[in-house]
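Both complexes shown next keep chain A, but they swap its partner, so chain B is in the first and chain C is in the second.
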Partner chain A sequence: MLVEGIKSRPVYRGLTIQPRARRHIFALEGEGAHALLDRKTELDETARSRSEILYLGRGSQGKGHDEALRKLGADMFFTAPTIATLLFRLKGTLATAHMGTRLYIAGTEGFIGQAMIVALDNGMDHASIITEHRGSLARRVQCVHCKGITEDVTHSPFACSHCSLPLLVRDHYSRRLGAFQGVNVDAEEPGSAPDPEELFL
Partner chain B sequence: MSGGTEIPVRVTKVTMVADRIKRFRFERLDGRPMPYFSGGAHVIVSMNDNGHVRRNAYSLMSPPYDCSAYEISVLHVEDSRGGSSFMHEKVREGDEMRVSHPVNLFHPDWRGRKHLLIAGGIGITPFIAMMEQFSREGAHFELHYAIRTRDRGAYCEDLVASYGPHRVKIYCDAENNRIPVARLVDGQPLGTHLYVCGPTGMIDGVLKAGLEAGWPQQNLHCERFLSTPPGKPFTVKLTRTGKTIHVGHHESMLEAIEAAGVDAPYLCRGGACGQCETRVTACEGKLLHNDIYLSDEEKAAGQKVMLCVSRFEGAALHLDL
Partner chain C sequence: MAIAFKQETFRDDFSYRNSPENIRRFPFPFDRDEYMYSVNMEPHVKGQKGTVFESLIDVDEHYIAEMHDRALVLKEDPLRYQALPHMMTAQWDTLELLMEEQAAGYPEHFTLIRNGDQWRWINRPLGIDDTFTFGDRATLPYEPLEYITRQAQGDFCIVDQRDGNLWMDAGMVTTQADWSLDFDIGMNFMEWHGPVPLAHQMGVFERALKFLLNLQQGKPTRRFNWTMTINPRLDTSPENYPKWGPDRATVTPENVGDKVHLRVEVQTLWRLPRSNAILFVIRCYLMNMNELVTVPKWARRFPRVLRTLPPELIDYKGLTRYRETTMDWLSKYDDGAPTSPGTFPD
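Moving on to the complex of A and B:
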């Protein structure tokens, strides 16, 4: 039921360490920890001394990477209990940051989208932010009707957690909201919604 | 007209602003308002030199919201191909000319938290309009302006007076003052955008310093005033119109094609916008691309050429035009 070829669908190109950056900030959620751990050989002494790692353990495969990340020997390491805590810390870091600071975000799409909003609010250009999608394909979806946001959506159509309308999850993405758009699927004939399919596991 | 409709104007004022730099004021013949533009925009001025038409791009420097007239500043280039000499030696107050609608290939990124402007010499012109707009919008900006000598530096005192010495810094070559580029790009607040306009060497140096300080390329912007470099004369065959065009030593391919009455596409006439991209149907020889629009791969492939700045050396060049 997905419409193919929608341009706003984000592309996550994968973590590449920017050698000339004066400061590296890694915002990692769950399995996103692997995105950095897999590249630890690229993190030389200089890069490590300029790095700040913010980590949130989340999901069955995404917990317990604290020790491995801490051992990387970054200048600063912070573990957050929730996404909100991590984003608050990220906000503080970026508010006083300088040009030459590069941001790397890895984890689920919902997390990348929310961390991206913080970065955009601090004047960063979205194309300059380095991202890698790791972990679940679950989506963060905005209901275009009631504007409510539902996290971790794995099925389409699904019932909006705010207004209960059955929503078709589109590839249409809003960078401002960090969410995909969900559109009522049976508006013409209520009750005719197709069976939900598990599309984003 | 491929570059868009032109506006007939009268030169209502010519002012000598510095050594070899004149300012020209254009008002519409029909008395209607000029279109609004945005800081960083340029127009193409058509110069009719005894039937030979030259078209050069000049940045607009009047306030973008003032539609009573357009103003440009022209440096009399030492090895002028004719355009700046014509403006300086032939154009008088009261003359009628034609200018294009404004085009902006150097617009500020309004999402930026701070705008760092770096100008060299006549490269100051787009920034004059930009600063008007920044100041009106309350945007945070800083200008670093390098000049060779005090008498060749246009608008130095005016700009310092308008925006204050904390926002406008002048660096004079003759007084051994250089823009401390490496120090400038180090320690700017996150979300700063840098804009540079001036001689090629300066632009390259500033962009390199930015990248070396870890700036992402998305925050580095430049405007180069490329003009067609002179070169060996050559001949080009247009396969669609069936014409054979001779391009002279000091002429661009685009100018020669226009002179032959062929309406070729163009916009910036400086190798930047890609509007005049033309397909090469046959090429026995070497294309001298000179543009900053095509990628290195595209240049090497030799399938496309920019009429405004590219040249050719060899036996035969056929274009799909």
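Moving on to the complex of A and C:
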């Protein structure tokens, strides 16, 4: 389970298919594939004919779901090699989307955050986007000092991948950045950073 | 009476000091001898002469130096000013409010001449005399919010009201107590207060939000907040924490009086007329311990308050390294005598 009680962190309520939508777009990363596969009975023929699935195989349990997803018989199925390429494709889809389009995002929190940014940039209201967290608890973290983002952070403190400062991962999340906040842990006494702990596996 | 503006710095040699008159008008926030957590909102109405409530937007002897420091911060980090695109009406609302209040409170320093939508703004301390068209962004050198908050003391956030919540959608934040506008912009009221300890469980934010959603135009409200800062540094941003964090380890019994500062925020909230947004002004006042103990009542009360602070707040406010040293130093000035009620000097 994710850490509870972080006020700024979005709540991922789980994928529920909205039967009246005119178009369903599923952005699935790694184990996020299961979020849809577990609900395939909810996808009737009408819904399937209005569905577009974008999938990225990733993580130890998140690869190899291509066939199962393809067999759902969606109107369109696309596999991406990386998060960046999936997001690029998602941008294209949303740029021409119509009223009545529903976006579903499932996967790690970092992926959900990035896909959410694409949706927000295309004028979708964050409250209308349906999300489910699946897979690793790794965090996407922005260094508050150099503003660089480090992906897949499992330890705190960790070294910023841009400016190398040892960063404490705070329980404060920005939806706009799709990232947690990282703050220099030993600023008051440089060199005194505690040993990293594996907190977000 | 014209204010004698000081030439001073909030960085490097830290030459900032308060004059004796300015100490007397310092907004000391504690009305009793122990710490109490509360929403502590009160109507923002004019107060007596010789207090910071003499005018609703306070201008003091540090005005020019603070505006210079803000310009330096923005030069290094332009993201300290940000406004989301839908906030333009609220920006003009804010420009109007700050110009009117400054001109009303300090006519010898500021003049606003309105002729339809043709406005002329004269800011004598900063040597500005601009004519522009109200509502036309292209007639000002900056966006309206940036333009006017480069000429007003304090940090400024504009929060938009929608969906029964308040959203931090614009701001000028260069004198903050360790929070990042760049990180928090776009967040709602509960989200941007996420890291504050204790208050969520106490229901403080729910009550405060309910109150603010009903804030009326022409009836601004205010509250105090406080922390402590080592050296008179306005820019204690998380962005620059590696620059100011080490200061906290430099406090010794010999330098407490000069280095340790009480940092008080007078927060005022104003409903804006056109946008229905709320302007949130966070005005920061700094006073070192040598200055504080010149007022006997405050010298007695402040160590007593520090002694009763809950551990979560000591940590959240970042006082851990120097609270004991400061209390020890202050205790010389506390003879145990009772203090009078209220915050003002005797």
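Keep this in mind: the second predicted complex is superposed on the first by the 195 of 201 C-alpha atoms of A that agree within 3 Å, B and C clash if a C-alpha of one lies under 4 Å from a C-alpha of the other, contacts with A are read in each partner's own complex, and residues count from 1 in each chain.
The rule is simple: contacts are C-beta pairs under 8 Å (C-beta built on N, C-alpha and C of every residue); 3 or more make two chains touch, one makes a residue touch a chain.
Just so you know, these numbers come straight off a predicted model, no measurement behind them.
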After the superposition on A, what does A:Leu72 contact: first (chain B), second (chain C), both or neither?
neither
Which of chain B and chain C A:Gln18 touches, first, second, both or neither
first
Look at A:Ala159 in the shared chain and tell me whether it touches chain B only, chain C only, both, or neither; answer first, second, both or neither.
neither
One more residue to check, A:Gly123. First (chain B), second (chain C), both or neither?
first
Residues on chain A touched by both chain B and chain C 127
Partner chain A, residues of chain C touching it in the complex
163, 180, 182-187, 190-195, 200, 238-242, 245-246, 248-249, 321
Interface with chain A, chain B side, in the complex: residues 109, 111-113, 185-192, 211-219
Of chain A, residues touching chain B in the complex:
18, 20-23, 94, 97-102, 120, 122-125, 127-128
Quick check: in the complex, which residue numbers of chain A touch chain C?
6-9, 127, 142, 144-145, 147, 165, 170-177, 181, 183-184, 187-190
